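Here it is, the structure in full.
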Amino acid sequence: MKIAVTIYEGPYNHEASDSAYNFIVAALAKGHEIRGIFFYHDGVYNVTKLMEPPQDDRHIANRWSELGAKGIDIVVCIAAAKRRGIVDSVLVPNVRISGLGQLTMMAIEAERMVIFGD
Amino acid sequence: MKIAVTIYEGPYNHEASDSAYNFIVAALAKGHEIRGIFFYHDGVYNVTKLMEPPQDDRHIANRWSELGAKGIDIVVCIAAAKRRGIVDSVLVPNVRISGLGQLTMMAIEAERMVIFGD
Amino acid sequence: MLHTVNQSPFQKSTLESCLRFVRKGDVILLLEDGVFAAQAGTAMSSLVEGALKSNKVYALSADLKARALTDVIQGVEVTDYAGFVDLVEQHTTHAWL
Amino acid sequence: MLHTVNQSPFQKSTLESCLRFVRKGDVILLLEDGVFAAQAGTAMSSLVEGALKSNKVYALSADLKARALTDVIQGVEVTDYAGFVDLVEQHTTHAWL
Amino acid sequence: MAEDIKKIMFTVRKGPHGTIYVYEGLEVKLIMAAYDADISVVFIDDGVYALKAGQNTKELGIKGFEATYGVLVDYEISKVFVDKKSLEDRGLTQDDLVVIGEDEETEEEIRPKVVDADEIAAMMAEQHNILCF
Amino acid sequence: MAEDIKKIMFTVRKGPHGTIYVYEGLEVKLIMAAYDADISVVFIDDGVYALKAGQNTKELGIKGFEATYGVLVDYEISKVFVDKKSLEDRGLTQDDLVVIGEDEETEEEIRPKVVDADEIAAMMAEQHNILCF
């Protein structure tokens, strides 16, 4: 089944990012297609390559980048990102900045949309 | 009176940042000394120079930088900042990254500590 | 419908709101701080106990374990992320954020 | 003590918690979404009405105006950021976040 | 409307200004209205405060967005509903809410429609996807 | 303790893991304990869950921090209180909570002390500053 995932909160501060990641890994393991991952609101902070968590902790941006390397479309909302200082030059690889039209397409084309936030 | 202010949430997403700013401006107008402003948790996102809000909106990072230019000590927690991708190269001027000892000193030395968050 | 609730019933009214909009056949998944509602013998247990009379209620195991909640209300089904995916496959989802 | 409450009483239990710890002479400042508690004639008005029997309650004007709340509970004092600063000068503060 | 047009619902449960969710969520609705989708918007809990008429954010120093609600119908977002109990709990009536446009023929003002929880739940059950803001 | 040692209280009202506030807040307490300040920590509302023994974050995939509470007394943070009603509302007793250290002389386990709202309010009134986490 085609599933889209939207994330509203930043990494580490809220569990949303971890819940979404664990959900997506489980969905992929079951053979579902992830139609796309969309970061909105503070969610845009998830994909900055400047983050440097303690060595014994998970690296949230790298995790998203690895999912992107598998071909999953990972989109960061441009309006939300600009206001918060997330620009192309700080993005991890395999992630792109685009408009809300992408969220719209995901909501229409995916058979399910699951939202994680707080 | 010596007042310290601590901010826990990022800009735009939460009102905390605006409430704190309005409070500080009013405190300065009354002749109080702002002992320091400390950004913790998602609050560290307040001071990235990469943010580019719509032209008709307030520029939150620049507002903090302007208060810093007046000599107010503005400190961003290094541990919270590293995990979230806020590093020296993206800071607006007149703001510094330092440790939690700075928050401790503010809590001890300031006659009042006011915390804004969510 | 699958209703996901990720907020503590002690601090937020999210679960109470959700329950007003749950229909026959709908299921509820408690995750993140929402799993506090799945604990037996608390001042908020009656919310989930009431919901169980007409609907299935699930709680995410990873979140229960992280919070050391072992005494789950009878009737609540503990599930993992794979089970969460199955629920999403079966139902359109609404997140009560 | 000055207790600041910035959460809506309809969605969060913050104000209720705060009120359990308020002593004689303490004051409460409602700001941000906390000002919803200052509105007269709501299902939550009784919280502030009860508090007013023993304590002073303030509500921040900028937040009331932003939310178009004009019908404030009698006895609640509407104040501005300058008034907020005066309250901080008079009291040690605890933020009920 | 064609058979394959997807139904998308937005639920708004947070108050305005305390957080940006309502404001940024409004941007999503305006964008999505330009696509082929059957959109409805439902205000529940503190979300109903987003529709309260007379908001003035000047003293707060942030951008307001009440005016945008006034042109929802112009954006072809006319299925706008408010949960009855949420409104009553807050001592509000339909008259306290913003006008979201006017009827093309009669030129009468249109306000969000007040419905009860059962009606909202029934609408939810018909959706292709639901986005919460 | 010298007259001019400042009293600083921490209040913890949020649950663990759903957000980072409790975890990052713990870091502040450990740092502040190294300074000349008279520190106390009070757990209220969902904050009491932060002290529940037996937390296991492995399946969730995030770092746990329960073990750190076990050495609070070693860090000379021994004034640790729990609000009685918050505990009761959650069906918990002092025995459900983590051990925060042991008595130097008797080697008895020390758990957070259960107190009521009036006692907490009285302590609050004596503080120089209060930080909420």
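Note that the chains are named A, B, C, D, E and F in the order they appear, and that numbering of residues resets to 1 at the start of each chain.
Definition applied: a residue touches a chain if its C-beta (ideal position, glycine included) is under 8 Å from a C-beta of that chain, and two chains touch if they have at least 3 such contacts.
Quick caveat: nothing in here was measured; it's all calculated off a predicted structure.
Annotation of chain B and chain C: jointly contacted by A, D, E, F, touch as defined at the top. Ranking D-F and A-E by contacting C-beta pairs places A-E first.
The two sequence copies chain C and chain D touch through a face in which the numbers common to both exceed half of the numbers used overall. Comparing the CA-atom centres of all chains against that of chain A, the greatest distance is found for D.
When you average the Cα atoms of each chain and compare centres, the chain farthest from chain F turns out to be E.
Centroids built from CA atoms put chain F at 28 Å from chain C.
Centroid to centroid, with C-alpha atoms defining each point, chain C and chain D lie 32 Å apart.
In terms of their C-alpha centroids, the spacing between chain E and chain F amounts to 43 Å.
Under the contact definition stated at the top, the residues of chain D that touch 2 or more other chains are 6, 10-11, 13, 32-33, 62, 80, 92-93, 95, 97. For chain F, residues that reach two or more other chains under the stated contact definition are 13, 17-18, 20, 45, 60-62, 128-130, 132. For chain A, residues that reach two or more other chains under the stated contact definition are 8, 12-13, 15, 22, 41, 54, 57, 112-113, 115, 117-118.
Judged by the touch criterion defined above, the protein chains form a pattern that is neither an open path, a ring nor a star, and not fully connected either.
Those chain pairs judged to touch are A-B, A-C, A-E, A-F, B-D, B-E, B-F, C-D, C-E, C-F, D-E, D-F.
Residues 12-15, 18, 21-22, 54, 56-58, 118 of chain B are the ones that touch chain E when the two sit in their complex. Taken together, the chain F residues at the contact with chain B in this complex read 6, 8, 20-21, 24, 27-28, 31-32, 35-37, 128-132. Within the complex formed with chain A, the residues of chain C that make contact are 4, 6-7, 31-33, 62, 80-82, 84-86, 88-89, 92-93, 95, 97. On the chain E side of its complex with chain B, the touching residues are 17-20, 60-63.
Contact residues of chain E toward chain C in the complex are 11, 13, 44-45, 85, 117, 120-122, 124-125, 127-130, 132.
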